[in-house]
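For reference, the structures are reproduced in the following blocks.
Okay, so subunit A shows up in both of these, paired with subunit B first and subunit C after.
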Partner chain A sequence: MDLKTLKKQESKRKISKGYMWALFCAIFWGIWYLPGTVVWVLNPFDEMYATIAEVSGDGMSLVVTAVLITAFNALTVMLALMLWNGVLGKYGELGRTLKEFHPCSKWFFLASIFGGPMAILGSFIAMGFIGGAFAAVAGLLYPVIGSILAYYWYGEKISKRAVIGIGIIVLGGISIYGGGLLTELSSGNVPWIGYLGGLMAAAGWGIEGAIAGKGLDIAEPDAGLTLRFLGENIIWWIIIVPILAILGFPMYSFAFQVFEPLTMLILVFAGLTFGFCYVTWYKSFPLIGVGRGQGIGNLYGFCAVIFIFLFFGDIPDWTIIVGGLLCITGSFIMFTEDSSALETLRGE
Partner chain B sequence: MTQTAMAMEAYNAYWANSFLPAAHIMWMVLILMLAIVALWQARTFVSKF
Partner chain C sequence: MSEKRPIKFRILEFFLDGKAYWNYEIVSKIQEEYGMKSSYGRDSINFDIIELASGGMLKDLEQKVDESGIYKKGFLLHRYKITDFGITRASDACLRGL
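This part shows the complex of A and B:
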């Protein structure tokens, strides 16, 4: 076997692993919706929501409660990532990446700003002021922004076939949440802040992916992602939660009540799924590129519907089935792309 | 703080219509299984690339 054939074989293996990680991301992201949904009805979050809603209204209460849930989610994600890095023997690499702020870790801290407060908070604002379906559709548009940024910023190659695949997956996602979206948008006055939240979600995750792609040129994804969540924890626990407490929201009184076995158990599983979803998302970027990684990751919309159907018993509408078929078609178009087109991910 | 009866009722209601037996436990078992498979794949990946 000559060197060229060996190189081609190696590249093919890397690409198939890249798609595998992106698929893992979609599955973990989809199943995250189970703990991510049920945690809202548990104490102290249900009481926190009711207490703040009495004073500040439902929309504001949803956003503030979401901040506390997201902050705890970020904490349990760190635990999951420490487990991940421990199993892979990456603690040394973690320390090395943290020390190299200028070439490496600055990108991951920057990614945490866009992925954390901008995207997640934006998503919750969209959910609170318009509705869950709108937030989901807005979030699904992030690969469009991610792949455009990666193309213009550092010349990541994106083939026509990948563009078609990503487009079909986005259309599938829109079809999945389309019914709810129309109901929400036709329900009357839609506040502009809800649209701003949707834009923050799509732009935040798209920009995060592009920045991560840049950081992953020189850093390792497992360590890089852990630093990204270290940054997110700093943002929530040292900046946003204290600011909300100063503004008069009862953040700390409810935060201290979280140490209840069932609530903690749900938060640990939320952290495990979210952490593993994110780390597999980051692992896919250097192998198949930001655009494809985000495109396949977008299958989370379809995975969420399947897990919600199986575990909550919610029977999906026909629009969801059509959306699911579109998602599968889009993924198939991307999976079957000739691997020689992916031998180098960057342009000349 | 312990869970109130209302909170537990709302929590249990989520799993009540599931198509799977013992869904309130099975979802955690599924996540643990997926996590183990992902970790095993990650270790294989580290050793091969």
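This part shows the complex of A and C:
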């Protein structure tokens, strides 16, 4: 085989690998909304919600319960990732990366602030207050924030084609988002906290992706993302959960009740799907860039709607179907990008 | 240097002398330093180099077919050089504390 053919083949392999990771991310991410929605009706979280609601009101109760759910989500993700790093033989690299706080791991801890208390908490709030399908599609705007930040902050190239693709995905998101909102506006009963949760998810994940890209420049994604979840666990279990307990919320008494088989199973399922959605998400960035990685990963919105339909039988509105089709179209416009433009992702 | 640094840091360090290196040269050095002699270790280090290149920190100067099997027979060998962006990022990360 001649040099030119080999070169072409190799570049194609690299880019298709990047897109494959991003597509797997979309599937895992979409599945995550199943355990994420179910966990709200399981002990101890349903009891916790009812108990706190009696004293502090529905809104406060929902946020506090979402904090505990998110904290457990972070814990099971961390377990899944430790297993993953063990399989890959990367504990050594993990330790080495952790020690480089100043140049490197600080970015992952910073990413965890936006990813955890903003994006994931926001998603759980949206799931609890409005529902899984809404929570999934509400986050669809995040690639826009991610791409714009990556463009201005570290000069990542975004081709015209990618911009068009992202634009169409966003239109799809708006269609899915807007349908439900219009119905609720006409009935006069809008669950604003849930919508706020959706916005937190979009902004949080967009910012997280752009920040994480900065650290990923010089770290291995598997190590980097484990550190990002180490950061999130510290935020929940060492800072926020104890503070809420001091404020008088029954955090620990309910936390100790999660050891019921079904609750544990659902939490572990959430950890595995979310953990691997992150593994694949982070792996796609160095190969195809933050903007594209996030764009294809965005198909999770459509995956979630399908999974929720299959498992819970919720039939989506036509606005959701139109939006989902737009998401797929947009992602495919990015997908079929000429590979030669992707050889170097950044300007020199 | 008493303690090992993350592999990508070490790769960038090699390139900081401004010279161009073939991927197999770097891969074999890292394999030795970090005790990653398996072919899984080799591929994983090479993937780190690919990631650094797609991140714009290394520039792929030329390629040749690995006829002799010095790295992987029948596959492409790449020769890289550090970019200005790579020097900036490497200086942030690698030179501190050395």
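As a convention for this text, the second predicted complex is superposed on the first by the 304 of 348 C-alpha atoms of A that agree within 3 Å, B and C clash if a C-alpha of one lies under 4 Å from a C-alpha of the other, contacts with A are read in each partner's own complex, and residues count from 1 in each chain.
The criterion applied here is as follows: contacts are C-beta pairs under 8 Å (C-beta built on N, C-alpha and C of every residue); 3 or more make two chains touch, one makes a residue touch a chain.
Fair warning: this is a prediction, and the values are worked out from it, not measured in the lab.
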{"item": "Chain touching more of subunit A, residue-wise (subunit B, subunit C)", "value": "B"}
{"item": "Contacts of A:E93 with subunit B and subunit C, given as first, second, both or neither", "value": "second"}
{"item": "Partner chain in contact with A:I218 - subunit B first, subunit C second, else both or neither", "value": "second"}
{"item": "Partner chain in contact with A:V38 - subunit B first, subunit C second, else both or neither", "value": "first"}
{"item": "First, second, both or neither for A:P103, with subunit B first and subunit C second", "value": "second"}
{"item": "Touching partner for A:K14 - first (subunit B), second (subunit C), both, neither", "value": "both"}
{"item": "Touching partner for A:G313 - first (subunit B), second (subunit C), both, neither", "value": "first"}
{"item": "Subunit B and subunit C footprints on subunit A, overlapping residues", "value": "14, 89"}
{"item": "Subunit A-touching residues of subunit B, taken from the complex the two chains share", "value": "1-4, 6-7, 10-11, 14-20, 23, 26-28, 30-31, 34-35, 38-39, 41-43, 45-46, 48-49"}
{"item": "Interface residues, subunit C side, partner subunit A - complex", "value": "3-9, 12, 34, 40, 48, 50-57, 59-60, 63-65, 74-76, 83-85, 89-90, 92-94, 96"}
{"item": "Touching residues on subunit A, where the partner in the complex is subunit C", "value": "1, 3, 6-7, 10, 14, 89, 92-93, 96-97, 99-100, 102-104, 216-220, 223, 286-287, 343-348"}
{"item": "In the complex with subunit B, residue positions of subunit A that touch it", "value": "13-14, 17, 20, 24, 27-28, 31, 34, 37-38, 41-44, 46, 84, 87-89, 222, 257, 260, 262-263, 265, 269, 272-273, 276, 280, 283, 307, 309-314"}
